[in-house]
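Two complexes are shown next, each including chain A; its partner changes from chain B in the first to chain C in the second.
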Partner chain A sequence: MSELILPKRVYYTIFAILLLCTYLTWQLAYFDLGPLNTVAALGIAVFKSVLVVLFFMHAKYSTRLTWVVGIAGVFWLGILLALTMGDYLTRGWVN
Partner chain B sequence: MPLPPQHYLNNGYGVKSWLLTRDHKRIALLYLAAVTFFFFIGGAFAVVIRLELATPAGDLVSDETYNKLFTMHGVMMVFFFLIPVIPAVLGNFLVPLMIGAKDLAFPKLNLASWYIYMLGGLFTLYALVTGGVDTGWTFYTPFSTVSSTTKVIPTALGIFITGFSSILTGLNFIVTIHRMRAPGMRWFRMPLFLWSMYATSLIFVLGTPVIAITVLLIAAERVFQFGFFDPARGGDPVLFQHLFWFYSHPAVYIMVLPSMGIVSEIVAAFCRKQVFGYEFVAFSSLAIAVLGFLVWGHHMFIAGESVYAALIFSILSFLVAIPSAVKVFNWTATMYKGSISWDTPMLYAIGFIGLFTVGGLTGLFLAAVGLDVHVTDTYFIIAHFHYIMVGGTIMGYLGGLHYWWPKISGRQYNEALAKLSAGIIFVGFNLTFFPQFVLGYLGMPRRYHAYPPEFQVLNVLSSAGASILGVGYLIPMVYLMWSLRYGKVAGSNPWGATGLEWTTTSPPPTDNFTQTPIVTQEPYVYPRVEGRVA
Partner chain C sequence: MPELAHHHPALAHQFENLAQQKEASTLGMWVFLVTEILFFGGLFATYCVYRHWYADAFTAASRELIVWAGTTNTAVLITSSLTMALAVRAAQTGERRLLMTLLAATMALGCVFLGIKAFEYYSEYIVHHVPGPGFQFEAEHYRHAQLFFSLYFMMTGLHAIHMIIGLAVMAVMWWLSYRGIITAEYYNPVEVSGLYWHFVDIVWIFLFPLLYLIGRHAH
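Let's look at the complex of A and B:
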């Protein structure tokens, strides 16, 4: 199986974007966005991890089977988050 | 009849030939030695626990020591024996043989997984010899993060490291089963043990990272006081329980699914019949693996979980009973009008079906919120999960070990002793754990080293059963070791069973098969017995 070789500039560009996002997270921490504090920080973190998966882990250039495996992992994380939040968000429903 | 001149056991005798081997069969034996070591350490703790509980007063060990005893018993048995035992020993040995391959897809990764397992084990042993840990194997916060002064971090790191061994084994099995099946071995021609290993591997890969990161969070919380589980800093101790049980409930299926696969193989071979409803049994393994990920909240009904979440988790927990029952009914239907022979593996399989049924049905009690609230943290829970994890997993493992021992060693064990020990284990197990259902229902809490005198009779029964069970576990150690040198040569297929593993010599050659086998029919095609209706 031949190995995919991407131009170095792709990696440098992604690396620069990741650094920029880290800087953005840091700067955002100085602003009080209320309930959006966590949303903003997690949003940037998700964006960064998507970049890592797509370019550094070569998912963008991989087979459909690799995509299925990746999506299954994210789906399982979704199960963990959904049922856990199902607990947290409904605790106050009973007085 | 002599052993074959060339086989994997005589392909090199030096220490290096074992410690650097890439042969899946030798790696399976490395695992066999390691998990047996951890089993007897964990078993020794159980012996002291039961001795302490023979009298109502806490007179043998202090309460702190008792806390460490049940914690180390749980950690050793769960993470270093029950989870790896069948995949790493029998799975490693059999997956390539059953699909007609020379080895697993990644032999070096397979050896690496054994070293990682040993490294994790060393961390945990270090924790043990330097004072132990007292949090319970569940590491509940805030006790594990704030209060405990024992060796939480090395134990957590041991579990974290060992988790990678599981992930690599699961990955190896998934790729091997997808890519390396012999010509003609379609998915629905695979033996059911392979389906169960495949389902188990999915749980390994999808669930283990969560427990790894969860125990790492405990270490981080202790060292850096991040506050993940501290309400004073915006954290939540129940969040730990969510993360812990997201893996640790499916881990029960990591333990029991492989046993179910073994029982399917044994029941077919010793009833001389195709497994009734093969596709249903195969898919029920996958259904258990998937549904097993949706039920973890039933461990937290009294932990402050929302009642609405509890209702959802309760309903989902009941659903797991469906694929589990499919298996039990189908094994029973397979036996119906079969030509049953009562050799040792079949005794273990029958034992598994009975004990698993008791464990599974009492699990339904615990899925019901109202009843669960009554018995949570009592001996009812202890009895229930030991029926599944010991009565289920270990009975299946011992059945599989006896069934494939002639293939592994090339020799037959003493059948009379084997039947005797199977009987002793069954009796000892029930005497140990059945009284605990009653104790729990009457209100005896778990994890206490002293108890009211009215519980003594049942506790003495349980401790007596434990001593019988211990003897039952020691006997196979003796006759299996004895058989390695003095056992009768078994031949390639002593049981007359179907399956590719029985078409090669016993013990198999290093490359498993002299020619790549070609599969032309369904599994378990046994000649029809005259006068019987299938």
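Let's look at the complex of A and C:
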């Protein structure tokens, strides 16, 4: 099968970025940024996940159908979290 | 008859060719991973609700986790994802010895991860942080810290079970490589197993900051 074979350099680069991001997440946690602590930590986690999905999991080079499936999964997770928190975060508003 | 005889031995008869078979099994794994996202998603949603309600107890409890162990384990898992990605590449290029070495390295790193996790569980057991009648914590957060630790053990435990399954899958891949069944023409099983391994890595990428790091700046 004539599959796309990525150069090793790509994997090493992604690996280095992931390690750097881990270090950054860890160090940032010791600074008091208020609510931004969680935003930064989750932002970096999302960034890391996207790198893993695109390059390690070859999503960047996958079929469109694979993209649809993957995005649908994240979208449904979004529904789960948004509707759940939409309820719990706003309960206090009633009183 | 002559045409059938030329089929690749790994080609299942419902597929036209290996490329179609590969596409189908890759898609199948992605569909499975979507169900996994929502499986873990329920726990993440639970975490969001309780962390929102009991923010102080959650930060106090999070501070009790062994941060160096969590950070080290994140690095270990990321390294295992690198060896996994390189293993898939070695399978693609048909480098059998390298593939076997990289699969073994991936499994070894998986074992290191589980070893560190076991050490953490043991440490938490010693200081009575396992929820239940023996749980001990500062009185102010006693009840809600148990919620944090329940989620901690459930989420990392479920993740660890996935790691153990991943190790079993990698052992099978190693065996298939050893037997010479994995070739540059037919490396699909390694690629699909890799997808699963990377997914488990991604779950940890989120667990690490949400469990270990939320109370670090409070002092």
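By our rule, the second predicted complex is superposed on the first by the 92 of 95 C-alpha atoms of A that agree within 3 Å, B and C clash if a C-alpha of one lies under 4 Å from a C-alpha of the other, contacts with A are read in each partner's own complex, and residues count from 1 in each chain.
Convention: a contact is a pair of C-beta atoms (placed from the backbone, for glycine too) under 8 Å apart; a residue touches a chain by one contact, two chains touch by 3 or more.
What you see is a predicted model; the values in this text were computed from it and never measured.
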Quiz item: Which of the two partners, first being chain B and second being chain C, lies in contact with A:F15: first, second, both, or neither?
Solution: second
Exercise. Considering only touches as defined above, state whether A:A41 meets chain B (first), chain C (second), both or neither.
Key: second
Practice problem: Could you say whether A:L80 touches chain B, chain C, both of them, or neither, answering first, second, both or neither? | Solution: both
Practice problem: Pick one for A:A72: touches chain B only (first), chain C only (second), both, or neither. | Solution: both
Practice problem: Check the contacts made with chain A and report whether chain B or chain C touches more of its residues. | Solution: C
Exercise. Considering only the touch criterion stated at the top, classify A:T63 as touching first (chain B), second (chain C), both, or neither.
Key: second
Exercise. State which residues of chain A lie in both footprints, the one left by chain B and the one left by chain C.
Key: 72-73, 76, 80, 84, 88-89
Quiz item: If you look only at chain A, which of its residues touch chain B in the complex?
Solution: 72-73, 76, 79-80, 83-84, 86-91, 93-94
Exercise. Using the touch rule from the top, collect the residues of chain C that touch chain A in their complex.
Key: 18-19, 22-23, 26-27, 30-31, 33-34, 37-38, 41-42, 44-45, 48-49, 52-53, 67, 71, 74-75, 78-79, 81-82, 84-86, 89, 92-93, 184-185, 191, 194-195, 198-199, 201-202, 205-206, 208-210, 213-214, 216-218
Exercise. Name, in rising order, each residue of chain B that touches chain A in their complex.
Key: 206, 210, 236, 238-239, 242-243, 246, 293-294, 296-297, 300, 304-309, 312-313
Quiz item: In the complex formed with chain C, which residues of chain A make contact?
Solution: 1, 3, 5-6, 8, 11-12, 14-15, 18-19, 22, 25-26, 29-33, 37-38, 41-42, 44-45, 48-49, 52-53, 55-58, 62-63, 65-66, 69-70, 72-74, 76-77, 80-81, 84-85, 88-89
